[in-house]
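As C-alpha cells, here come the structures.
Common to both upcoming complexes is chain A, partnered first by chain B, then by chain C.
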Partner chain A sequence: MPAEAGAAGAPATTRFRPPPWLATAALLLPSYAWLTLAVLLPLGTMFAFSFLEATPLGNRPVEWTLRHYRAFHDQPYLLGVAWTSLSIGLWTTAICAVVGFATALALVRATAGRSRETLLILLLLPFWTNGLVRVFSWTMVIRGGGFLDVAARSVWPDAPSLGFLYTQPAIVLGLVHGYLPYMVLTCYIALLAIDDAVIEAAMSLGARWPTILFRILVPLAMPGLVTGAILIFVPVIGAFMEPRILGGRVGVTMGTVIEDQFTQAFNWPLGSALAFTMLAVVLGVFATFSGVLRRTAQA
Partner chain B sequence: MLKLSRRRMLTLTGSGLVALAGSRHLVRPARAAGRITVLNWQGYGTDERWAVEAFTEATGIEVVHDYFNSEAEMLTKLRTNPGVYDVVLINSARSQQAAGEGLLMPVDLANYPNAEGLAPSLRENEYLKTDGELYGVAWVWGMNSLAIRDGMEAPTSYAALAAPEFRNKVALFDDAVTMVGLGALLSGQDMNDPSDMAAVVEKLKEMKPNVRLLWSSEDQWNKAFSAGEFDLSIYWSGAAVRSQKTFDLPLQFVVPEEGAIGWLDSFSIPATSQNPDEAAQFIDYMIDPGFYTKWAIEVGAPASANAAAMEALPEDNLIRQIHDPEYLETMTLMAPLPDDRRETFNNAWQEVKAFYAS
Partner chain C sequence: MTAVDVTAVAKSYGTTTVLSDITQTFGEGTFTSLLGPSGSGKTTLLRIVAGFVKPDAGVVRIGERDVTDVPVWSRNIGMVFQSYALFPHMSVAQNVGFGLGRRGIRGAKAKAEVERALEMVRLPGYGDRYPRQLSGGQQQRVALARAIVIRPDVLLLDEPLSALDRRLRQEMQVELLRIQRESGLTTIFVTHDQEEALTLSDSVAILDRGRIVQVGRPAEVYERPKTRFAAEFLGDANFLTGTVRGGAVEIADSMIATEGPLPVEGSQATIAVRPEKIAIDGAEAMPAAPDEPTNRLRAKVLSVIYSGTSLTYLLRSGELSLKVFAQNSLGRPLDSGTDVVLSWAPRHSVVLAD
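== the complex of A and B ==
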C-alpha cells in the first residue's frame, strides 16, 4: 500500500493532476447531493416541525414550542408503548439472528456451486412480494379457524384452536418474516469469507461442532450479525403495518402512535417529536452497546 | 350536428334568462359561461359520467372536476385559486371554518327547487350556517353506530360494548373523534365538547375485556366479521349496507337510544365563483331524486339528505331501510373541532388504545 501511494504521488509527469481530495470530493458529490436532497432536507424539515405548535398548513400562524418533547412526561402511557416497541424489536432481532445465522450457515456449509445460488434465490423470493400481501396472508393462516387450525384438525379433529392472531407473537412472526432476509444476506456474506482451512485446522485439533460454532464461526461472522441486527432493529421499532394488522387490539407501538399523529390526528409536530425521541433512544442503545460489539467483533 | 345546435340553443336561452335575472351577471366574463368546475373527492357522485352527461344534455352546462385528497387540501385549493371553482363539497364540520374565512357565498334555498324535499333538520342545520346565514346545501349523510350479528338481540344502549356477554367479541373503530364521542355519549356529555375527559376515558377503558379488534378499514371489518371474530361493533351505516349487499354478511345495523354519531356532506359555492347560477343548477341536480336513486341503486351511495329522494328508493332498498328518517331525530352531527380539542381527543384515544394493548 505505501509503495503504491508513493508511486501515485511522485512527479513522474508534468501534466496537471488534480489533488487527491478533489477526486474524492467529485466522486462523493453525487451521493451527498442525493442524500441532502432526499434524506437531510426532509429530516431537517421534520426536525423543525417538531418544535412547532401546530401543523404548518393553511394560514395558521407559526408558533414555536418545546412542549411536544414533553410528551413522554405529559402522557406517561407512552413509556409503556415505547417499551412494547423495544421488546418487539429485541425479540424480532434475536429470532432473526438465530434463524438467519443457521440458514446462512446451512447455505455456505452444506451446499456448493449452483445449488447454493438456487437455494439463496429461493430464500429471497418471498422478499420480492409486497409486504402488505405477506402480512395479510399471515392473517389467514394464524386466525382462529385459519389454515393453521385446519391443518392441525386434519391430524387431530378435536385440537384446540392454535390461532394466535392479534397477539404480540403474531406481530413478531410477521416482522421476522419481513426482515429475515437482511440477516441471512449479511451472515451469508460474513460466513462466505471464512476460510475453510480455519475450520479444518480446528477439526484436526479435535474441536467438536459446538466449539467450532461458538469459538470460530460466530465470532468471525460477528460483523455480519451486527450489521444484520442494526438493519433489522431500527426499522422494526418504527414498524406500524405489522402491529396494526397482526396485532389488533395489542398492536399499539411507537410506530402506530407516530403514524396516527400523521394520518389521523394531523398533529405532525407531535409525530415528529416522538420520532426524534425514538431516534435518540435508538442512538443511545447503539452508543451503549457499540463498545461491547466492537470488542466482540474483534475477539 | 343537430344535437350540437340544440345544446347550443339551450345554452343561449339559458344564459339569456340568467342575464335577465340579475344585472350583476351582465358583467360576468363571457369565457366562463356554460362551464363549471366542481371540487370534490374523486368518485363521489358528482363525477359519475352518466350524471354529468345527463346534466349537460339538460342544461348545456359543461362540468369539469378537480379533486382533493383531504379536507385541508380542499381549503387550501379554495384559498389559493380564487375564481377557479364553482361548486365545492364540504363536510358540515368544515363549513363554518370555510365560511368564516370568507371562502363561500351564502345560498338562497329558493333557487333550489329540489331543496323543498330536504329533511328539515339537515336543510337548516346549524353547522351549515355562519352568523345565521346558510352557506351550504345538505347533500348526503351517514351514521356511525352499532352493527350486531344477525339473530342476536339488538342492544338498546352503547353500554352493550362493555357488557360481559360480549367478552372478547367487540370491534371498535380506530378513530379518535368517533370513540371519544361515544365515551361522551355514554357518560351523558356533549359528544362534540365533553367537559369531563376523565369520565370519557373511563367509559372507554371499561370496554377492554370485550375489545377484540380495532378496525380502520371496511375490508378489515368484513374479513374479521365473516371469520366470526366479533359479534358487536361500531360501524358505518354506508358500510353496513355494502357488507350485507355485496358480501352477504349476516348483520343488523342498530341505532341505540343515545343516538347515532352522524356526518353530513353539503355543497357550497365559493365566494369567488364566476358562475354561481350554473353552480346552483348543478347542486339542485345533485339533490334531485332522479339522480340520487340512479346513483344509489346502480353505483351505491350514502343516504340522501333529500327525504323525497329516499322515499323514491324501493321499499326494500337497504340504504333506505338502514337510514330510517327517525334516526335523524336522535343523531348528533360531528361538529367543527378547534385544534386544541382535536389534540385532546387524539391523546385521550391514544391513551385508551395503549391501555387496551397493555
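== the complex of A and C ==
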C-alpha cells in the first residue's frame, strides 16, 4: 500500500490513477456481497425475528420484546436440555478424537500410495450417504431384536438383548458415525506433515511407542485435533436429526427444541432466540480459549 | 566407546539387492565414512546399524552385544539426521534432554548434562529457544548435542552436513571433528561428498551397488584405488588401457612403467593416473630423467579450463583422452593445439583390478 501511494504522488504521473482503497474495495466486493447474501442477510433476519413478540404471519401487529432471551430463566427445563446437548457434544467429540486420531495415524504410518488413497476414500463414504438413510440404518442395527441381537444370538443363543436404541449412547453413536470423517481428515493432514525422521530420532534416543505417541505425535498433531474438535462440536450440539431418530423420548436436545419451535410450535422468535443464545455461548467459549488454542496450534 | 562389528550382512527389497555380504569392523573411537553414490546402500547399512532396518542375513554387534534383534530404542545409539529432525514443539533444552529423560535422568543432573552438551557444540545459553528460532547450522549443532548427551555407544551421522551451504559446511566439518575427538565416540558417517569423507575420516569405505569395494585410510584409498569405480568416485582419474609387455604396459606406442604386480604377459591391463600427478611440458623440452624412470606420453592440448589458482588441461594422445591439473604458477596457460609431453612417476601409475 505505501508503495502504491508513493507512485500515485510522484510528480511525473499526470494520468488519473484511482485511489488505492478503490482497488481493494473492488477486489473484496464479490466475497463480501456473497457473505451478505448468504450469511448476514438470513442471519440478520432471524436475529430480528428473535426480538418479535410472535411470528409475523397474518395480520398480527408487530411488537418488539426481549422476552425470548429470558427463556432459560422462564423455562428451567431448558437448562437440562442444554446439559444433554453439551454432554452429547463432548462425548461425540471425544470419541471422534480418539477414533479419528487412531485411524489417521494408521493411515499415515501403515499404508502408502494407492492403498492409502483407497482407504481414505472409504473412510469418507459416510459423508456421501444421505444422512437420513445413515441414521435410520442404525435403528435397524441397534433396536431390540435388531441385527446386533441377531449377531449376538448366533454366537450365544440365550444372550440378553444388546439393543440400546432410544438412549443417549445411541445418539452419540449416530453422531460419531456422521462426523468422524472431519476428525480423520484434519488429523490425517496434521500427521502427514510430521517428518519420519522426527519419529526415528525419538526412537534412537530410546523412546518406545507410548512415549512417541504422547510426547511427539499428539502434540505435533494438536492443530489437527483442535480443528477437528471445533468442526464436530459446533454442529453436534445443534444436531436434531440423530437425537430425534435414535434418541426417541430421551432425544430432547437444543437442536430438537429449536427445530420444534420452527416446525411444530410455530414460535419462530423463541426458536431464533434460543439459536442465538447457543451461538453466543459457543463464541464465548472459543473467545475464552482462543489463546490456549492458538498456542497449541503454533507449537 | 565401543567397536561396531557388521558380519555378513545382506538386505534386499523384493528382487532388488541393496546390500550383499557386508563384513566390516568400525574400530573403537574411529571416524569411518561410508562413501558412495545414491543407491549404493550406504544409508541402508547405517540404518541397519541403527536398527531401523532389519538385515535379511548377518549379525550386527555393538561392543560385545549382538544387537541384530534388539529394537532401536534399546540400542544406545546417537543419530544425527540430514533434516536435523529436532522436535519442533520442544525447546532446545527439552530436545537435548529428551534422551536423558528416557534413561531416567531428570532434574538438576539432566540440566547439568544438557548445559554441558550445549557448551560442547558451542551453543551455551540457547536452552530456552525453539528450533524455529535457530539457523540451519545451529539446528544441526542442537541435533548433535542431542545425540551425544546420552553417551551413546556409537554415533551415526546420516549426511548431516549436506543441507548446509558451503561455508557453513566447512565450519561444521571442523566442529564435527573436534567433537568426535573430544568425545572419543565411534562414529559412522554417511556422505556422498568425497572431499568431506577425505577431510574427516580415519577410514573411508567406498560402496558400490551394495558392496564395500575398498576400505582404508583416506590417503591410501585415494593414492592406491583398487578398482576403476573407486578411482573414479574418489577424485578424478585418467584411465589408460593397454597390453602388458616386458614388465610394463604398452599404451599408444609408449611403455608405461608401474609399481606393484602386473597381470600376466600379453593380457590387458588398465592403469589409473591422477590428473594432478602428471607434469606437462613443451614438446621440444624433453627433460632427461637422471635417477627416476619417468613415464612419458606425447599429447596435444585440446582445451584449457581456467579457474584462477589452477588450470585443467584436456588433452588427446592418439585414441586417448586425458585430463591434467596444473598450478597456474606461470600465469600463461598453454594454447589449445600445442604439442606437449606428459610425464609422471611409475608409482603414480596404479594398476586396477578391473
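The rule is simple: the second predicted complex is superposed on the first by the 269 of 299 C-alpha atoms of A that agree within 3 Å, B and C clash if a C-alpha of one lies under 4 Å from a C-alpha of the other, contacts with A are read in each partner's own complex, and residues count from 1 in each chain.
Assume contacts are C-beta pairs under 8 Å (C-beta built on N, C-alpha and C of every residue); 3 or more make two chains touch, one makes a residue touch a chain.
Model, not experiment: these values are computed from the prediction.
Visitor: So, on chain A, is it clash or fit between chain B and chain C?
Guide: Chain B and chain C fit side by side in the superposed model.
Visitor: Is A:211 in contact with chain B, with chain C, with both, or with neither (first, second, both, neither)?
Guide: It touches chain C, and chain B stays clear.
Visitor: Is A:42 in contact with chain B, with chain C, with both, or with neither (first, second, both, neither)?
Guide: After superposing on A, A:42 lies clear of both chain B and chain C.
Visitor: A:203 in the overlay: touching chain B, chain C, both, or neither? Say first, second, both or neither.
Guide: After superposing on A, A:203 lies in contact with chain C but is clear of chain B.
Visitor: Output check: A:260 vs chain B and chain C. Expected answer is one of first, second, both, neither. What do you get?
Guide: first
Visitor: Does the superposition put A:81 against chain B (first), chain C (second), both, or neither?
Guide: first
Visitor: In whole Å, how close do chain B and chain C get at the C-alpha level once superposed?
Guide: Once the two complexes are overlaid, chain B and chain C approach no closer than 44 Å between C-alpha atoms.
Visitor: Going by the contact rule set out above, which residues of chain A touch chain B in the complex?
Guide: 54, 57-59, 75, 77-78, 80-81, 84, 139, 143-146, 166, 244-245, 247-252, 257, 260-261, 264-267, 270
Visitor: For chain B, which residues count as touching chain A in their complex?
Guide: 72, 75-76, 79, 101, 174-176, 211-214, 216, 220, 223, 227-229, 339, 342-343, 346-347, 350-351, 353-358
Visitor: Contact residues on chain A for chain C in the complex?
Guide: 195, 197-198, 200-208, 211, 215-216, 219-220, 299
Visitor: Tell me, which parts of chain C touch chain A in their complex?
Guide: Those residues of chain C that touch chain A are 50, 52, 72-79, 81-83, 85-89, 98-99, 102-103, 143, 146-147, 150, 156.
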